[in-house]
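Once you scroll down, you'll see the structures, which are given as structure tokens.
Two complexes come next, and they have one chain in common, chain A, joined by chain B in the first and chain C in the second.
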Partner chain A sequence: MPSIEGIQYTYQIIYHKTKVGEKLFDKKKSPYFFIAPFFIMFVVFWIWPIAQSFIWSFSKWDGISEKKFVGFGNYISLFNDNDFLISLKNVILAAIVYVVILLAIALLLGFLLNSAMLKGRAFFRTSFFIPVTVSLPVVSLIFCIIYAPHNGVLNNILSFLGMPGSIKWLTNPKIALWSIVGLRLWRAVGYYTIFVIAGLQAIPKSTIEAGHIDGANTWQVVRYIVLPQLKPIIVYVIIASSIWAFQLFEEPWILNQGGPVNATSTVAIFIYRNAFQFFKLGYASASAYVLTMVIMIFAIINFRIMKD
Partner chain B sequence: MKKYVCILLMVTLVFSILAIQSVGAATEKNIKLTFWGWGPHVDAINNTVGPAFQKVHPNVTVEAISMGPWDLMDKFYVSMVSGEGAPDACQLVRRVSAKYLISELLYDFTDFITVEHKGEFVDALNKDVTSIDGKVLGIASDYGPAVVYYDKKLADDLGIDVSNIVTWDDYYNLAMEISKSNPDVYIHPFFYPSGSWGSNQWKLWAQSAGLNIFDDEGMVIRDNEGLREVTRFYYKLHKGPNVIEGVVNDPIIYDTLRQRKLLFWPSNSYRSMEIAQQLPEMEGETYAFPWPLWSEDAPAYTGNWGGVALVVPKKGPNAEMAAEFVKFYSTNIEALTGLWFGVAGVPAYGPVREEIMQITDRETFTINLIQSVGVRDVPTWNYTDWAQTEKILGDNLDSMFTGDMTPDETWDTIEAQLIKILGR
Partner chain C sequence: MNSRYMTNKIILFFIVGTMALIALFPFYWMIVSSFRTNPEIFSTKLNLIPKSFIFKNYIDLFKTTNFSRWILNSIIVSVATTALGLFFSTFAGYAFAKYNFFAKNILFVIVLLMMAVPRIVTIIPIFKLMANLGLINTYWALILPFAINPFAVFLMRQYIKNIPDDLLDSARIDGCNELQIVIRIIMPIIKPSLGAAGIFILMMSWNDYLFPLILMTSKDMMLFPVGLASLKTLYVVEYGMIMAGSFLSTLPLIIAFLLLQKQFIAGLTEGAIKA
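Here is the complex of A and B:
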């Protein structure tokens, strides 16, 4: 194996002794060579498809026959399409509720799991993180059993507690979406809690101690010292989880195929159906751009609020 | 002298090169066919059909690559759109394959089906793989005719003799009677939310009545009184008796069957293997009876659930050989036996189907029972724009079961939406 010194020596020879080396490894140009492979891949596999689908969004095309330019026709049709409007409403509502509850639980769990008073912290941290590692089909199967109307785990618990135990968690159109949000929370909360714990551990103990010495109670320490220092983590959790929430697809697709009567349909399901089942690539591209705009607006609002 | 020896050597060398080239050209080049598939198809090809095909074509090897059916369809679609990366042959979910049936893209099997093997493949299934311009662009290799499974012990305990169930009215009356006298017993599962499963479950009843949503030109049949009647009965059948709600492979359904609380399960032949895999302990206790008739003098039809379409991209470098392979596969007894005992897919190719139905020495749970029930005729079903039709059907059936619409309103809405949204 070549030694570090050997590599450095070879580099110096190439850099200083040859003209090619000087040109190639010029201090101003060389960084671009190093990042070029990533950017080439980025342009080919990200930018180009994004640009391409933007062009498609103005056409009617099934991928095989000739493209037909329709201008803003797809966008206009989208806002007259009941399925799309319901999917958009579902995803916005689900994202807001999901992000708020997720943030609250992640912060609460973060504080608990970071507390020196808690015995067996490693065990609890691992336990809360495990749902993140379970594959989605398995999670769906587990929740089929939990949410089953007949003899389901949740209904059995409710019956045991003397409450009505015949709730149709996944098949009642008024409840189904929230049942899926519950599943998502169960899966994701452990992941975001890790970020909160990392953020809490980065706060110097001396700062918190100084707060206590100055007479602040626990709530005041949390409110005026800990939470402001956690702000970058909170922003990250909100942005990352909301992007994920807006792209909600797998859970409602596997469990309910977006039903009953579109109650769990999301924009991502709408896009998949139109692109890969109905072969309406232009229409699906237009709906993808509407979703992108919604996510961008949501992200900008978040940034503004957190900045203030 | 040296000069002549050199010339002689040169001439010898040139002739040798030409001779080697001509021998090379005479030998068939080696071909490796790639097949995309799922489940037992892949096992059958890699283990039996591929090697059997190689015996006939020694220069050809076949590699079947396994992937999930919907994943496969997505990848195949992308490869067809981009013109890159398509396999030599593949299978598609037949009920939604109509969108792929484009003469410019797929190999034409019209002569193979309509001339070479005239009347030997199930005619109603050939329709599923026929393009608008009348070309047979795939081979419908198997299908899943519907029967009614039942828990024999539970039926005996309840004093039920299933041979008395001839018509759907017999079934419904018995179901209502049992639901009243035994509220703990579930009559059958009911797929809800409908999604594509519920839509296709509804289709079993509609098809077995010999009806269709679309005519042969792909237009919606207007004022379809027959399907309105089917929708009414479908509602009555799932709303009246005590049924269990669940999605297509909901563990709760199998759990209820395990608890001996599920009496009947009207479903397709593929279901028998799923019951066998989920509940091997019920071997010898789950039986089947024929799909009931719509009336005593109605034709003895049943509905069909699924099956695959074997297709060959026309522009592939080995399209001819791939087509040969697909023809071989869809008529090969080893392959079709593997399919039957693997997933209970009934072979569409008549001569082999008849032979397989005689096999009784292989203990494979309920398959033998379906063999004893026999396979009823499946009438033609027009799968026009089926993915979108499934969605429209599913949404409206859900609305019907949530009580937002009566069955008559449901059918009227379905018909109106199909006409408006599909423009047919």
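Here is the complex of A and C:
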């Protein structure tokens, strides 16, 4: 049996005598070799599927029989489909409320955690980040028992504090969507606070001191010096969190299957149902593209507002 | 002045402390509930502090469900996705950072643009593709689509850009070819960044629910999030057992987070700030 040294030696000889490495990996060809594995996969599993579902969104198809071209038919039916409209409304409403509250809490918490007055900052930062490590499906399962209507811990705490403790967090159609927003906030706040802290630490101390010397109070310093400098971070938090919020699926699906009666249905749930339970692939693709359009419009509006 | 400073300090600590309690409570509740029976979890009285611990949920979890298999599946999928993902994104990131080649800028813009399209748009074509390839209920169905991560490419490009060109040129003069430069010079320098990008890819893969729900349907091939959630649809729902599984599946990430805090936070946030 050849020893490892032997193999290495033979390899070295072949490698140096034939100069395979130098010929293959010269400066001209290398970038193509390096980028090819990623790009081939990227086309197969990302760009091509995106193009395909766009094409499919203009046809009627159950996945097995022949595709039938229907033009904008799917899009027109979508806007006459009550299930879809409710799902779209839920998602937009939930996303806006979620993003606004998220931003407010993340900014507040970022300021507090960045304050030199606070003792145990490292400990607090760690504790606020811990929810991020819990996966969304698991978070949903935990809140399943927290939100339980009969003797769930949240209701128990409320009645312990003397408040009405029989709220149907998940089965009351007026409350269910907001319970899900609350759950999502719980998981996300710590994550986005990190961005705020990083943004705050990037602001030079001298600008803030200059503000204080000029006689500005704390609120004025925050309003006129700190917040404008945080703008890029704020834009990022809004865009990133909204992209995820619009795709809301796990929590309402695991907790409620979109119920009660569509109260927590989302566009992602609508896509899942139509594609994988009703086998209306063209219709589901069209709804995915409507969602994409909504996300893009939301992002553009944000950029516009934040520009001035 | 001094006493006012102290009062402010105490108020601040109290506010942040309360918020931290809220942040940690569901986590605490998961652990406590995993040692309780159903009647104890849904007790008529508030019982925040456990009086006794029962391990029945943990025993049942391994005896009556496929939990160990689900976790094994999740580990295989996420580790393979991360390894392959780092390979793809390091080489692609290096090419974008350090070379000039045909259509480089157009390709990079395409990568950035595609990042903005929600992933759910791809799910139907990917399901069809995997079905045609016969890869449904195999690990590849989840590894391949998630090993390409435009965001990780973007991250690696940013990291590698910071490496001075002189260093690479001197390696070339010493007789390194381009592949050797990546393996011997670039990789050792960006090791911490590889860790950060790796954590990013790992978290995406470990936490995903929708793609595994569709692509892994047989009982033996489920990943843990789908498996655990499926226990909720049984006739009798053992919430304690579900919490036991939730805790066990979260524990590795918590430990990894506490040990590698800096890289964890960098992996999940850095690219965004640099962008």
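Following the convention adopted for this analysis, the second predicted complex is superposed on the first by the 266 of 308 C-alpha atoms of A that agree within 3 Å, B and C clash if a C-alpha of one lies under 4 Å from a C-alpha of the other, contacts with A are read in each partner's own complex, and residues count from 1 in each chain.
One rule holds for everything that comes next: a contact is a pair of C-beta atoms (placed from the backbone, for glycine too) under 8 Å apart; a residue touches a chain by one contact, two chains touch by 3 or more.
Note that this is a predicted model, so its numbers are computed, not measured.
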Look at where chain B and chain C land on chain A after superposing the complexes, then choose clash or fit. clash
In the overlay, answer first, second, both or neither for which of chain B and chain C A:W178 touches. neither
Output check: A:S127 vs chain B and chain C. Expected answer is one of first, second, both, neither. What do you get? second
Please indicate which partner A:Y75 is in contact with in the superposed arrangement: first for chain B, second for chain C, both, or neither. neither
Pick one for A:N256: touches chain B only (first), chain C only (second), both, or neither. first
Based on the superposed arrangement, let me know which partner A:R273 touches: chain B (first), chain C (second), both, or neither? first
Would you check which partner chain A:F160 touches, where first means chain B only, second means chain C only, and both and neither mean what they say? second
Please name the chain, chain B or chain C, that touches the greater number of residues in chain A. C
Applying the document's definition of touch, where does A:F111 land relative to chain B and chain C: first, second, both, or neither? neither
For A:I64 in the superposed arrangement: first (chain B), second (chain C), both or neither? first
Using the superposition on chain A described above, determine whether A:W56 touches chain B (first), chain C (second), both, or neither. second
In the superposed model, identify the part of chain C that clashes with chain B, out of 1-9, 127-135, 145-153 or 163-171. 127-135
Touching chain B and also chain C: which chain A residues? 63, 141, 144-145, 148, 150-152, 276
Chain C contact footprint on chain A (complex, rising order): 21-22, 24-27, 30-32, 34-35, 37-39, 41-42, 44-50, 52-53, 56, 63, 109, 112-113, 115, 117-120, 124, 126-146, 148, 150-153, 156-157, 159-160, 186, 189-191, 194-195, 198-199, 233, 236, 240, 243, 246-247, 249-250, 254, 268, 271-272, 275-276, 281, 284-285, 288-289, 291-292, 295-296, 299
Given the complex, residues on chain C that touch chain A span 5, 8-9, 12-13, 15-16, 19-20, 22-24, 26-27, 29-30, 33, 41-46, 48, 87-89, 91-92, 94-96, 99, 101, 104, 107, 110-111, 114, 116-129, 144-145, 147-148, 150, 153, 172, 177-180, 182, 206-207, 209-210, 214, 225-226, 228-229, 232, 239, 242-243, 246, 249-250, 253-254, 257-258, 261, 264-265, 268-269, 272-273, 275
Hey, which residues of chain A end up touching chain B in the complex? 62-64, 141, 144-145, 148-152, 168, 170-171, 173, 176, 255-263, 273, 276-279
Which bits of chain B are touching chain A when the two form their complex? 73-74, 77, 80-81, 96, 99, 102, 105, 186, 192-197, 244-247, 250-252, 255-256, 385, 387-388, 391, 394-395, 398-399, 401-402, 404
